[in-house]
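All remarks here apply to the structure that follows.
In this document, chain identifiers A, B and C correspond to the written order of the chains, with residue numbering beginning at 1 in each.
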Amino acid sequence: MNAIEATGVVKTFAGFLGRRPRMALCGVDLAVPAGMIFGLIGLNGAGKTTFIKALLAVLRPDSGAIGVLGGSPEAPAIRKKIGYLPERLHLPRVMTPLQFLMSVARIKRLDNPAQHAMHQLERVGLASERSTKLGGFSKGMRQRLGMAAALIGAPELLVLDEPTDGIDPLGRAEIRRILLEERSRGATVFLNSHLLSETERVCDRVGIIASGKIVRSGTLDELCGTKDRYKLVVEQSLDTEEMKQLGFASGEQPGEWICQASDGEALMARLDQLRRANVCFIELRPEQKELEEVLSDVVNGAKQ
Amino acid sequence: MTVLVVYMDVIREAIARKWFLALALSTTIALAIVGLALRLDVVDGALAASRLFGQILDSDIKSIDIALRPVFQVGAYAVYYIVMVTGVFGCSGFGPSMLAPGRIEHLLSLPVRRIELLLGTYLGVVTISSVIAMYGTIGLVLILGVKTGYWNWGMISAGWLAAISFAPIYASMLVSSLIVRSAPFCGLVGISLVTAGIVAGYRENLLALWEPGIGRTAFELLMAPLPKISSLAQIAGHSAASAPIDPGEMARLVAGSSVFAAAVLAFGAWLFEKKDF
Amino acid sequence: MTGKRRRYGWLVLAALLLLVAGWLMWPTRSDTSAQQREITFPNHQRSHERQRLAGRRRALTLLNKLGETTQQEQLERDPLLVALSGAAAKGTHLVFEVEALKDTPIGQIVIDCLTNADSSPLDKVEEKTGISLMDSVDRIAGASGLLLVEGDFSGAKLEGLFDGAEATAKGQTTIYANPDAPGGQAAVWNKQLLILTRDRETLDEAIGLLEGEVPFDDKTIDEENSFGEIYGSLDVEQAAGMFPGSSDVGNRFAEAAERVELHVDASEDVAIVANVSGGNNDALNELARAVGGALSLGRIKARAEGDDDLAELLDFASVDPDEGAFEMEVALPLQFLEDKLADCRWMGNSNQP
């Protein structure tokens, strides 16, 4: 079953006081299978947050269809199974974390709201601050609390908008661990992050949105990997011309060389040439692009 | 019931806000001052002498309940309009706070309908204002009752009439926050409606000054559905002073104000449902 | 129902509810608040009373008392009050504005009693004297042994008052006396003021005051106090007796009060204002409190007995203490007085001329 199904989703924001209308989503088609971590990446203004809000019926698309967990996000019964972390979570300053999480638990009609609240506070490392007024929380603490609110009730779908925003590196590691735990539990995680390195580390599949459309989607290997290019690290290489003649182009780092081989035999032939030239290689792997580079290529392609 | 959860959250938030604690404390202090500073000598059920802060108040010797009627009437008007004004300014922030970016998205992602959010917030705020109104009213009744032996429970009507009158005012304020998310704007809408409601209560007098025509008809139609704030204040004063009131008129005004509040909330529900956040 | 249709449902509901609210709060013709009873207490001279007084004043040559001496002066004064001043100094005196009282509910009750009696006193007087009390009389004033009737007596046959009476003139006064029938004499001053007394001394005093032969003390009756349909002053003992069942208040009244000035407005319910003055300020203050308490208890008793009308009017009762005096305001419901007066038993033992 797909946790998320979006077909032809269009959303235009009306112009106001002379401003032109802005088409934020231009026909988004996306299917996210259940039980995985899906990352949505794109530039600012690409439509990531708009799409996320459409998933939760926070805003209504002008056309198209959105299905979440087999139902409509308008239905409270469906939203009960969703945990959401907004990009900028605004918390009431006079409440304490415990009160806030208990409020969420009550709205979700959970038995023993206090127990659920304490469990999630412990998970995100805020148990000791449970009675501190939220007005005194740092950004990182608020983000953790938002994460805890999303996790309350063991939702089947987690929708996280910039989950590690404002969190220190150790905290990010904690968040990654929690996300992996949730996936192990069988939940689907749909996240949006500008930190592409974080996306690379946790996501099973990534979608790239540009100009209101999903332009590419797939596993990291599918997006970033190359079929016939290999990266080689050698101990001591020949000079560049000689390496070129052997069919190797220089890589980004010293000692790194790139070769192209259509299949395993062709690759072995290249390596044999190196051995015959007494070049000792110490590492061989398929060449993968950085996600950032992929994004850049996609965006530039989309512009063209 | 989700409305109840939202409602209780609003109550908790209000209690946690120091403003309301300060209001409760200042009301208590004011009542305590009245209680300690006012001395009333009652002889055979007649108010023989009154002293405020030690100064003898020049007043006739009358039956205690008669003598206190003007006090209760003034008290009723004071409670009524103080509840209006403090309610407008004290409660103007709840709607915009609920609709703050980052909060409203989170709330809407929860299994709660938009109308439930609206109703829960509305009922919570109206409950708070009612509690404040009744606290001041009952406090005044208790103080004067203990001092004089005369228990004027008619004064309680000032409290609940103030609460009923504030309900349509707050409905308008809450709905206005859906249009412009701003606490000062909500306050402005509230004060404007209170003013319009006072004028609406005197519409018959004002119509007498108007030449028949489109303008007069438009004024009449505009004033018709508005809550009659000044009329309800008058009823509160009369009730507190044990003066005769027309129960039919009171029932119509109370029902009309409540229906106006419901109309505004229904409009708010339409706005809220179609709004994107 | 689609989302849009559901949303529009709210809008339609809002419009309908607004119409209902407007209908509920639309002003109706019968939309008048319940009227609260209003009582006007006569505690100062009103403009029509000032005009009335001005119209009654005549240029009189009076023997004005100035301290220990007297001096004949021409003064603009109300003749009835001048004639009354001698008896007024000795005790109770009351003035009834008959012309005004005729139009009041209480006046109607009194007139009904007088006209419906088997032998109506009004008819008797008219028969004997030609004076129609309903048409010719403006005021009646009474004091100890003295009755003054003011009106238009130009066509009156006052000889008929007493069989065999002889008329003698003295200044502007015509005196009717029957030397063979002691205890019955009358006089008419300026064909406008009928003076009836039990004894000759009282008659001579009243005439002497008007003709400038008997010293006249301005302070005895203040013309500025001639307001209300009934006004005057009560003897302290008589006033004390008006507190039945509260004899303690009555006793205190008799001890502390020296003078009780009374004003009654009978235009609707009867509103009474009594100014009580005395020498002992403390005793008066205590008396004021006691009177206030008595009124309050009276109100409680009326409520307990279900006499809501009386209780409602006693709502207006108050006592206003001042230096050396206090003012008491009390209203009596018309129904209460109707019940007391309508059977006309009060007419039974009255001494009529």
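As a working rule, contacts are C-beta pairs under 8 Å (C-beta built on N, C-alpha and C of every residue); 3 or more make two chains touch, one makes a residue touch a chain.
Remember, it's a predicted structure, so these values are computed and weren't measured experimentally.
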Centre-most chain [mean C-alpha coordinates]: B
Chain at maximum distance from chain A, centres defined as averaged CA atoms: C
Separation of mean Cα positions, chain C and chain A [Å, integer]: 99
Centre distance in Å when chain B and chain C are each reduced to the mean of their C-alpha atoms: 48
Cα-centroid distance, chain A relative to chain B, in whole angstrom: 51
Multi-chain contact sites of chain C, meaning residues that touch two or more partners: 3
Interface hub residues of chain A, defined as touching at least two other chains: 60
Sequence positions of chain B contacting 2 or more other chains: none
Chain B - residues contacting chain A, complex: 2, 5-6, 8-9, 12-13, 16-17, 97, 100-106, 108-113, 276-277
Chain C partner contacts - residues on chain B that touch it in the complex: 43-48, 60-64, 66, 203-204, 221, 224-228, 234, 238, 243-246, 249, 252-253, 255-257, 259-260, 262-264, 266-267, 269-270, 273-274
Residues on chain C engaged by chain B in the complex (per definition of touch): 3, 6-8, 10-11, 13-22, 24-27, 31-36, 288-297, 299-300, 314-321, 326, 329
Chain B contact footprint on chain A (complex, rising order): 13, 53, 56-60, 76-77, 79-80, 82, 84, 86-92, 94-95, 99, 103-104, 106-109, 146, 149, 159
